[in-house]
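Every chain is named by a letter (A, B and C) in the order it is written, and numbering of its residues begins at 1.
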Amino acid sequence: MDRNHRVFRGFSNAVLALVSLAALLPFWLLISASLTEETTAVKQGFRFLPQVFSTEAYRFMASSWVLFGRAYLISIIVTTLGIAIGIAVTLPLGYVIAREGLPGRKVLTFLIIFTMMFNGGLVATYLMYTVTFHIKDTLWALIVPNMVTNAFFVIMIKNYFQYSIPKELFEATRIDGASEFAMFTRIAAPLAKPIAATLALMTGVSYWNDWMNGLYYLDNQKLYGIQNLLNAIATSTRYLAQGAGVGVRLPTETVRMAAAVIAVLPIMIAYPFFQEYFVRGITMGGVKE
Amino acid sequence: MKKALALLFALALIGTLAACAAPTATTAPTSAPTATPTLEPPYEVVIELINYGMDIPDLGVIEQKVNEISLPKTNTTIKFKPVAVADQFMKLSLWVAANEKVDLAMTGITTNPGNLVAQGCLQPITDLVHNSPTIMSLMGDYLAAGTFKGEIYAVPGIAYPAAGMSYLYRSDLATQYSITVPAHVNSLLDLEPIFAAVKASGMAQYATSLGDGKNQTTSMMDNSFDPLGDPSYETNGVIMLNDTTNTIVDIFETQAYHDRVLKLRDWYNKGYVDTLSYSNGYSTHDSLANDTAFGFVAQIGAGSNVAYWTGSTGKPLAECTIGEKTISAGGAMNMSWGVATTSERPDKAIQFLELMFSDVSVANLLNYGIEGTHYVRVDGTTQVIRYPDGKNAFNCGYGTFINWYGDTKKTWVMQPLDDKFIASLDGFTKAGGAKMLASFGYSFDSTNVKTELTAITAVVDQYRSPLEAGVVADVEGQYQAFVQALKDANIAKVIAENQTQLNAWLATK
Amino acid sequence: MDRSRSIRRAWKWVPLYALAVPGLAYFFINNYLPMEGLVIAFKSYTAKAGIWGSPWIGLKNFEFLFVSKEAWTITRNTLGYNLAFILVNTVLGIALAIFLNEIRKKSLRKVYQTMILLPYLMSMVVVGYLVTAFLGENTGIVNGILRSLGGQNIQWYTTKAYWPFILLVVNTWRMVGFDTIIYLASIVGFGDQYYEAAEIDGATKLQQIRHITLPLLKPSIVMLLTMSMGRIFRSDFGLFFQVPRSNGLLYDVTQTIDTYVYRALLVKGDIGMSSAASFYQSFVCLAMILLFNWMMRRYSRENALF
């Protein structure tokens, strides 16, 4: 390796280290904030290390552990199912519209992109899902509406199949007389691992962070996922803190920070494990290592 | 034999039902148009239940307990439809849009009935209400507040609707530093010497909090105007109380408002007000609870009195009233009940509402749950309860957002409220001397000026809060820009429309 | 037999269409069926009357968007910020992806990758709190540091001039990892053979980037750009609403079409007017994406989306 390369690599390392630090610091601050005593936090502000340490905010949440446990469970189920369904639906569709020569391909692509611009709005969508599909107060309400796939994901997959996989691979198989279906299952799908991992990550994040579906399609609050519960806490703490009759004084500011930590923590813990697969997926995706 | 038994059983059932339903039968004439009582299946009344968005475990238990009373008395059962307080309006519109059954809808808190009527969410209930004796006697004149285009759409939930402004301050600090705050002033501005004294004493960082400019405490202008029935008065124009000609004006254009914002900026510069509230989004309440301020301005109503704020901030507070207590339509509708358009039996819904006001055990169940499980009585008091040891609203199994079901004077009250609170309620009524605004019962139909109102709303949202929080350095320039932007958004057209409608309404009175 | 051959040729596509069915069915149900709701923009909607039962009122719902003097401000902000975000995220995203691809030490690379994407996992509400923790007047860490260095507090939340910069930084912080990962996936997909050849020719790293990496990335860049064009008249509501908060002093530089509509209609909850606003946005976005695609077709046909 020549000098030029070493300099560039060193430079890359330095930049990435700085960027990583910038990405991480706010999280550190968040955790520190959630462990700060309320009055101190309000008077003196947050620090990277709590001036006065307190687990008050977490103790408040722990007192309702049934709520949180159930919400976690629901979020995990919904996210897992959502990823599986999302990939099963998005990958083949992206492959199909990437297939050159397919009659009607351009029209299909446009129809998919069109959905990015125009949608019927909340009322019409709500009416359709509740009146026609009776989705209300079921787990499907958290999975299906607006979440399974979207134009961006499909185009991302399409692009991958079109540009990142050498066309010669398909040509060779085609000459062997493989059917279009076999080409997808035997060639395309296995090669799609890196992009599938990317898709899984994106779908997973959007499912984990989603609270709109729960807001619209759930009346039964027992089915709330973790984000809906946290949204309820975030929007209600003001009312809660001022409610003299609730019998407990709420640390408003720090509870919000603690709630944020609780929402992000599982995904932060899960992500490195997922990353393992993600990196391997990317490496394997390279046609030649 | 079987047949005979069945017949006997049915007859017995009809007998008991008729006997129990007799007093309420008159309250719902549409349900019993025929002379002979018919046996009909009990009707399930779906009630919107406002909570914090966290599941209430014992909802089913409470439903059952209420049914034990309501079934024999009104042949109704109830079913709660919980909704988080922040989502209230949106959820109700969606339910109605999808034709989901909702009988009793909460039309106050974060919504207002005028808006719900305009959106087509509520149905008129005039006759049903007129035939409900308890509601009629309890609410009386206040029913006008829920009347739109000649029909009643919403019933006040609280019979003690007066509201005023007060400066609430730390009584312990006042004693310690010998600062004497008067019991009453005519205007917030009269408190300036007190603020100066507090600042000089160095007891607290700030004398008062103006909040983040979002809660309307300072802009209430010492309760010196009539908002004309609409809680969103800032866009529709108001009548100043010292004006006897019923002329609607843009409150932001008045000299009084101009003087007010200049003074607030002055206070900000002198360090009287909590400068952090605006940028940190803290409410007035936060500043006090966190010991940064000596006092704050609060709206005082029957439920939000000194005891309430004391409990809420955890600090000993005393009160200095500002201006006059008044009864406005907005205040009367603050917590109110309507019947959604998707109700199948509005008569049954109102019948249950009547029961809620007439039967204190139903109201207590709805408010606080079951004695011994969700609350315990406080010894030596007549009506005061508290949470069982180690319990609070979140872990006791039944904690709702509101405990104002039924007639508050008769139901339990939760600590920190006490028996004195019950005695104070009458002070918040017309009979108790509170002034009813001249426009009470008038409502503005904004259909013709929707476009202008939307633009005005955006202008007010942009300019108002920083001016009232005192954070604008060039207050004069910003103020002039505000007034000009309102003119550009054509507030004159809205005010003219409002004036025309008001004159027509006054003519019919 | 021409006929049977053409049938056979058509038949060969059937498995492909079958593969597309689940996805297309989803788009049809989730996106196309509710499109009847678009007519709400032209109606005086009430819940009771329903979508088709409400009376037609022509373009009246659209008026509020154009009567106010704000119309220019919100259009400028929406387009301006989006263009800046697209530019910065694309450039930085590509740069970081190239840097990441340089790191051969697997464990280190994994750490960097994880870190860079972390902010993307966080919801905007939380980001809003974080910004306060940094920039709050007395409580913020930045002012704390300024004070300890003998400086004065800066009033971040009431000074307009800082906000274009703050919003750009926050958006980049949160979103750049997303772009980086997409570009990285493409770069890794190229394989090493091109670079090995270049190395034999003695090309420097910068030359490799310019002549190999960037041209190969072109389809991905065009794809992300076209997608961004399709959203250029929509703003990240969370960013513009949660981060500067509802702070009137800053509206000149923080109000976008989405926040304006939300704030103006919050009180009355007028479904007709908000539908009109979103219809208008969709219309502009459609025009932009068609324009961009047309330009792409002229410039490099194979990279155009459709």
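Heads up, the rule we're going with is that a contact is a pair of C-beta atoms (placed from the backbone, for glycine too) under 8 Å apart; a residue touches a chain by one contact, two chains touch by 3 or more.
Predicted model, so just to flag it, every value in this text is computed and none were measured.
Participant: Which chain is most remote from chain A in terms of Cα centres?
Facilitator: Centroid comparison gives B as the farthest chain from chain A.
Participant: Quick check: more C-beta contact pairs at B-C or at A-C?
Facilitator: Greater number of contacting C-beta pairs: A-C.
Participant: Can you check how far apart chain B and chain C are, centre to centre, with Cα atoms defining each centre and the answer in Å?
Facilitator: Each chain reduced to its C-alpha mean, chain B and chain C end up 41 Å apart.
Participant: Chain A to chain C: how many Å between their CA centres?
Facilitator: 15
Participant: Chain B: which residues touch two or more other chains?
Facilitator: Residues 90, 97, 280 of chain B touch two or more partner chains.
Participant: Hey, what residues on chain C touch two or more of the other chains?
Facilitator: 136, 138-139, 271
Participant: Residues of chain A touching 2+ other chains?
Facilitator: Residues 42-43, 123, 127, 231 of chain A touch two or more partner chains.
Participant: What part of chain B is in contact with chain C in the complex they form?
Facilitator: 89-90, 93, 96-97, 115, 118-121, 214, 232, 275-276, 278-281, 341, 446, 450-455, 457-459, 461-466, 471-472, 485, 488-490
Participant: Mind pulling up the chain B residues that touch chain A in the complex?
Facilitator: Where chain B meets chain A, its residues are 51-57, 81-87, 90-91, 94, 97-100, 280, 282-283, 285-286, 289-292, 307-312, 314, 386-387, 391-396, 399, 401, 403, 414-417.
Participant: Give the list of chain A residues in touch with chain C in this complex.
Facilitator: 4-5, 8-9, 11-13, 15-17, 19-24, 26-27, 29-30, 33, 41-48, 88-90, 92-93, 95-97, 99, 102-103, 106, 108-121, 123-125, 127-128, 144-146, 148-149, 151-152, 154-156, 159-160, 162-165, 179-181, 184, 194-195, 198, 201-202, 205, 208-209, 227, 231, 234, 256-257, 260, 263-264, 267-268, 271-272, 275-276, 278-279, 282-283, 285-289
Participant: Under the stated contact criterion, what part of chain C meets chain B in this complex?
Facilitator: It comes out as residues 46-50, 60, 63-64, 67-70, 132, 136-139, 155-158, 245-249, 251, 255, 260, 263-271, 273.
Participant: Enumerate the contact residues on chain C facing chain A in the complex.
Facilitator: The touching residues are 10, 12-13, 15-20, 22-24, 26-27, 29-38, 40, 45, 51, 95-96, 98-100, 102-104, 106, 108-123, 125-126, 129-130, 133-134, 136, 138-141, 143-144, 173, 177-178, 181-182, 184-186, 188-193, 204-206, 219-220, 223, 226-227, 230-231, 271, 274-275, 278-279, 282-283, 285-286, 289, 305-306.
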